[in-house]
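Each of the next two complexes has chain A plus one other chain: chain B in the first, chain C in the second.
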Partner chain A sequence: MIPNKIIKAKSIVESVFSLALGILIAFPLFYAFMCGFKDDATFDSYPPTIFPKDFTYFDNFKHVLFDSLVPRFMLNSLLIAVVVTLVRLLLSMFAAYSFAFFNFKGKNVLFFIIIGTMMIPTEAVLIPNYITISKLGLLNSYVGIMAVYFVSAIQVFMFRQSFKTISSSLREAAFLDGCGDLQFFFEICIPVSKATITALSLNSFVAVWNTYLWPLLVTNRPEMRTVQVGITMLAADDSGVKAPIFAAIAIILLPTIIIFAFGQRNIVRGIASGSVKG
Partner chain B sequence: MSTSKSLKDRGQIAGKKTLGRKIVEFQKPYLFVLPILIFAVAFSYYPFIRTLLYSLSAVNKQGEIVRFVGLKNYLGIFSREEFMNAIGVTLEFTLLYVPLAVILPFTLALIANKRKLFSNIYQTLFALPMAVSVSASCYIFQQLLHRKIGLVNYFLEVIGVMQNKTNIDWLNDKVWALPSLSVIMVWIHIGFNFMLLLAAVRNVPDELIESANLEGCGYWRKVFKIVIPITSPTIFFVFCTQMVAGIMMNAPTMILTKGGPVNSTSTMIYYVYTTGFRSGNYALGSTASIVTFLLAFIFLMFNFMYEKKGVVYD
Partner chain C sequence: MKLKRILALFVSVVMSASIFVGCGSSEPTDSTKTEPTATKAATGSILPSAPVKVTFWHSMKGNIADQLKKTVDEYNSSEGTKKGITVDLIYQGEYDEASTKLSAILQADAANELPDIMQMSSKGIFDVKESKYIYPIQNFVDIDANGINLNDLNANALHYAMYNGKVLGLPFSNSSVMLYYNKDMFKAAGLDPNKAPTTLEELATYVKALTVKSGDKIKTFGLGTKTRFFLLGSWIPMQGSEKYMFDNADGRKGTPTTLAMTKDGTLDHFLTEWEKVLATGGVDYGVVSPNEGFQSGLYAMMTASTSSMASIVSKIQNTGTFDVGVAELPRVDANSTKGTGIGGSALYVFDAGNDDKRLGAWDFMKYLATPKVSGDWFMNTGYYAMNSKAYDLPEVKTFIEKNPLYNIILTIADNSKDYPNYLEPWVPAFTDIDTTVQNEIIKLSEGSQDRATTISNIDKKVNMTLKDYLDANGQ
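Let's look at the complex of A and B:
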């Protein structure tokens, strides 16, 4: 009996330790939310405090929501993240469909060309991309911000793995029954890959929502800024980082955190199912 | 007559259709790949070749190549003290960053793998930093690391590690700025790497762990003999992506330190930004881009050379 008790006690200690570690890792996030409720005096006080004086101090949030461009920045980012995520998924799935089900001349070369984009980091090709977008007259436009994000090699790779789990005899049988490629794609492939789709679209939304350098380069009109660039402008305007910035951070964190709280386990499952050998 | 003619017509139409269908069938696989291919070429390969050409040319402010200059830009850039400094800073940053960026999330994945009391909660907490953007993370840490009113200095003072008089100004100190940025970057990337590694650790077959248990293997022995070898492809993937992320690091520098103090955080991509965009010197910026790319490429090649030794695929 005693060893059992020791094991149980050990397990509880481990759980509590893990929980404490989790709280420590998530602490900066929690702290940002707390700072959003602080008045300037509390914010600048020494010794520093974690909690605000009271949680009914909404001036920072009011300032951000009504006297700044943050709502517009959020709308921009939301539009960009949603459209990029949808286009990415569709382009990757189409390509993956071809790589998974067809045999054609140059298949390996084309696959290599698409996977090869992973070797060219966007940071290394900023200058010509900027010039291209500028020559197309797309500076300060949504398309200009979005266009460089449409290709996701890792998505093509993951969807190909996922589609390969569909047996080709099922496809042949469906085609004998008069099913076409598009119908098969939308009615079989997409439902089968639900877990992968969920994981990759959540990941893609968060990644695009969070991009910084490219949107900074191709926009200079304040109303075209994305949130990530926008809050740095806020910091520059208000001469230094002050409590309102944290209210803005808290507001822009909400969408991604909500996505996370609900989608996090799906993401792990999606990654796991995508990496199954096939 | 008329019926036979119409039959003949029908035959011809059917024949055309099959020919048409054949063309469609032949083109179909390409049509599915075409859309992504257009964007891959337009925004990855074309600009890469363009960057390469710029680095070998004199370029005007409109981005037009004026003349070919051979390796002159490269010879020029390596004699610039600022760029050599940027290479050094980038290497130092990568060295500080990559080990932490792989080991910490892997440890978290091992912790979260066991299902226990609260395990759902702390699994979510470990992944949560992924939801926070670079710029938001930067401002949060700027506040936490503030010299006077930051919680980090306050905490160090309370536990007695540091006296008030010698408070460190983490982000404005020549010695501490780069390590601070690497800790911030580790935090920014910890969530996603944790999830990748957790998925891999969860995929380790239970039978292997159970048979190791029967043989009386200790926990760490199981980790080193079973879990690490089986998850090594994912660990390798994380290692490679983080190495590239380290070499390409720019946003924390741009937001928090502007390359300072005394250029101690001026990374290579930050150099690309300041020369290529702020000063409009496209040729020099492109040369710096290519050198950064080559650095990442060489590092990756090294990784792949050693991959066969350490990574187990079954």
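Let's look at the complex of A and C:
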């Protein structure tokens, strides 16, 4: 028996620690938001201040939203991130399903080839990918940006692991009752993998939202650019004006933060429902 | 067990494949191929025969990008409209990213994706200096007598963009490193605010006088700097004639094969003098961009580009934060020449077989090199005016009178014009080599290794990188 006091003390320590960690992680974001409201003089002042002089100073946000292409960039990034996330999920789950339940020649070799691709650094395939996309005539198109992200080895692997928790005798029993692969996939596999689906889609959305070099490589038109490229366009090394960049960062971070806030609850729910069933 | 073997085999294949991909040499080079096209154009008109869109990729950002856009818009609505040329200005990421994109295009041999004009840094041009798609500016100059008079261009900037004695690009955003200082702090330290240090030895006494400590902590550093290529590109060559960091004239006569400065004693001599400055304990030696620290009073002096001038004038001088002093980069010693090196970017023309686009690009470049446009560029950025005649324009003269700090840029240009070989090097793995040199000098600055070790480490590591490049590219 552990005395209540110790449990209580432990939970206080835990809470304080989590809170401190939370503040540490959230502070840069918070600071970026605050900087968005600063005029040039406040921004440059030394020692630096955390809070702006005036929260009604909207020039930086106005500049980003109305004088720059950032809203268009956000739309581009949103489109790319959503489509890629959906296509990726579908393809990875189908692939994982066959790796988990089907038996065919060379299955393991194929699986390890897919897993092996995780070891190739993205920089190394940048130019070969460009050549492929160029030969396919997909330069300067959204499909060209998205195509290389459509299959993700880590997702195939994660879903395979998740599907493997479903016993094959369950599948056999279902098949005896007249259930087919598609039905089994949609009615058993997907509900069981809810937590994995949520976690991987969030991860994939944020990763694609944050990609920088690839979209820059395959597109030439400014209006095809993604948000991360957009931020760098606002900055200049030696020029003083930096506050609008922070305003842009604040705006660009919003979707990620919102999605994360919603997603986090779903992750917990997904895990909870999974555990009840298990 | 069997699977493990297959996996191991697969991984090794993948790894070695990725190595080849990383180092694969770019497209075959053939610099003679440009000649026939030049003669072809010589017989025809030097203007495009049909309306044409000229794509211009650049890497400028913020207010400098705004200035560039203004220039392009002005051209499109005046000269461009008359001649049927529209310049399409596109930001392609920072220099390195734009260069990655360019090498992807060249490796895919997707010539129709090439820009017509591209702004490239020293790193970018190195990779493509011998590409068959580069159309040397020299060819235009040779056929267009009324084009650009090369003698009007800033001599150093022109040499910056020359390869094997031929003008490869049009100098564009070129600047030199210089010394900015806080006159208020000079006065407080009992120094004459109108007299800046001229040699490293003097710099040491200034740093010592200007450094303010409270307890063990330094409140104000005498100097904020980092010994980048940008600075070494002045400090090494100024020690004599024909002194270079690398062989092959810092890459202007072919790809460098070895370090020169570690062998001819120039690096040793520079470091000997530099150690005097370091010995004061008042140097913040690891700061690439000391501008913010200078503005906030953390540094009494800093080394920075002439292209920082516009922001320093508007943010420090004009706001009355403090009185700014400017001077040339201190010399290594009293025997050094008075030239300062040059770095930056130039504009290069790509020829994918469309004569009209090429001639459109040339017309726009001629516009950029006019005194008026050069003058605007100079006044709004602090980059050298491409065309030195800009400095004679009445509006530029008035501007300099109002902003006397800009005079130093003219002084540096004037003192350097006899030393056109003081250039930012064109070397393979530019960033890697630059970082290696910086890190070794930082170790010396911290006191964790002595001068001889520093030089031998730089020599060993950099020559290894160069050798790897040459081996991989079969030269």
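To be clear about the criterion, the second predicted complex is superposed on the first by the 237 of 278 C-alpha atoms of A that agree within 3 Å, B and C clash if a C-alpha of one lies under 4 Å from a C-alpha of the other, contacts with A are read in each partner's own complex, and residues count from 1 in each chain.
Following the convention adopted for this analysis, contacts are C-beta pairs under 8 Å (C-beta built on N, C-alpha and C of every residue); 3 or more make two chains touch, one makes a residue touch a chain.
In this text, all values refer to a predicted model and were calculated from it rather than measured experimentally.
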| item | value |
| --- | --- |
| Simultaneous placement of chain C and chain B on chain A, clash or fit | clash |
| Contacts of A:Pro191 with chain B and chain C, given as first, second, both or neither | neither |
| Chain B versus chain C, judged by how many residues of chain A each one touches | B |
| Touching partner for A:Thr117 - first (chain B), second (chain C), both, neither | both |
| First, second, both or neither for A:Met233, with chain B first and chain C second | second |
| Which of chain B and chain C A:Val109 touches, first, second, both or neither | second |
| First, second, both or neither for A:Tyr31, with chain B first and chain C second | first |
| Partner chain(s) touched by A:Leu139 [first = chain B, second = chain C, both, neither] | second |
| Which superposed partner A:Gly178 touches (first chain B, second chain C, both, neither) | neither |
| Chain B versus chain C as contact partner of A:Asn220, first or second or both or neither | second |
| First (chain B), second (chain C), both or neither touched by A:Leu126 | both |
| Candidates 2-10, 74-82 or 218-226 of chain B: the single one with C-alpha clashes against chain C | 74-82 |
| Contact residues of chain A, present in both the chain B and the chain C interface | 44, 46, 113, 117, 119-121, 123-128, 130-131, 134-135, 213, 217, 229, 232, 235, 241 |
| Sites on chain A touched by chain C in the complex | 41, 44, 46, 108-109, 112-113, 116-117, 119-121, 123-128, 130-131, 134-135, 139, 213, 216-217, 220-222, 229, 232-241 |
| Parts of chain C lying in touch with chain A, wherever the complex brings them together | 3, 6-7, 10-11, 14-15, 18, 21-22, 55, 60-65, 90-94, 97, 100-101, 103-105, 107-108, 110, 113, 289, 291-292, 295-297, 304-305, 307-308, 310-311, 314-315, 319 |
| Residues of chain A defined as touching chain B within the complex | 11-12, 14-16, 18-19, 21-23, 25-26, 28-29, 31-32, 35, 43-48, 50, 91-92, 94-95, 97-99, 102-104, 107, 110, 113-114, 117, 119-121, 123-132, 134-135, 147-148, 150-151, 156, 181, 203, 206, 209-210, 212-213, 217, 227-229, 231-232, 235, 241, 245-246, 249, 252-253, 256-257, 259-261, 264-265, 267-269, 271-272, 275-276 |
| Interfacial residue positions of chain B with respect to chain A in the complex | 28-30, 32-33, 35-37, 39-40, 42-48, 50-51, 54, 63, 108, 111-112, 114, 116-119, 121-137, 139-144, 148-151, 154, 187, 190, 192, 195-196, 198-200, 202-203, 234, 244, 248, 250-251, 254-255, 269, 272-273, 276-277, 282, 285-286, 289-290, 292-293, 296-297, 300 |
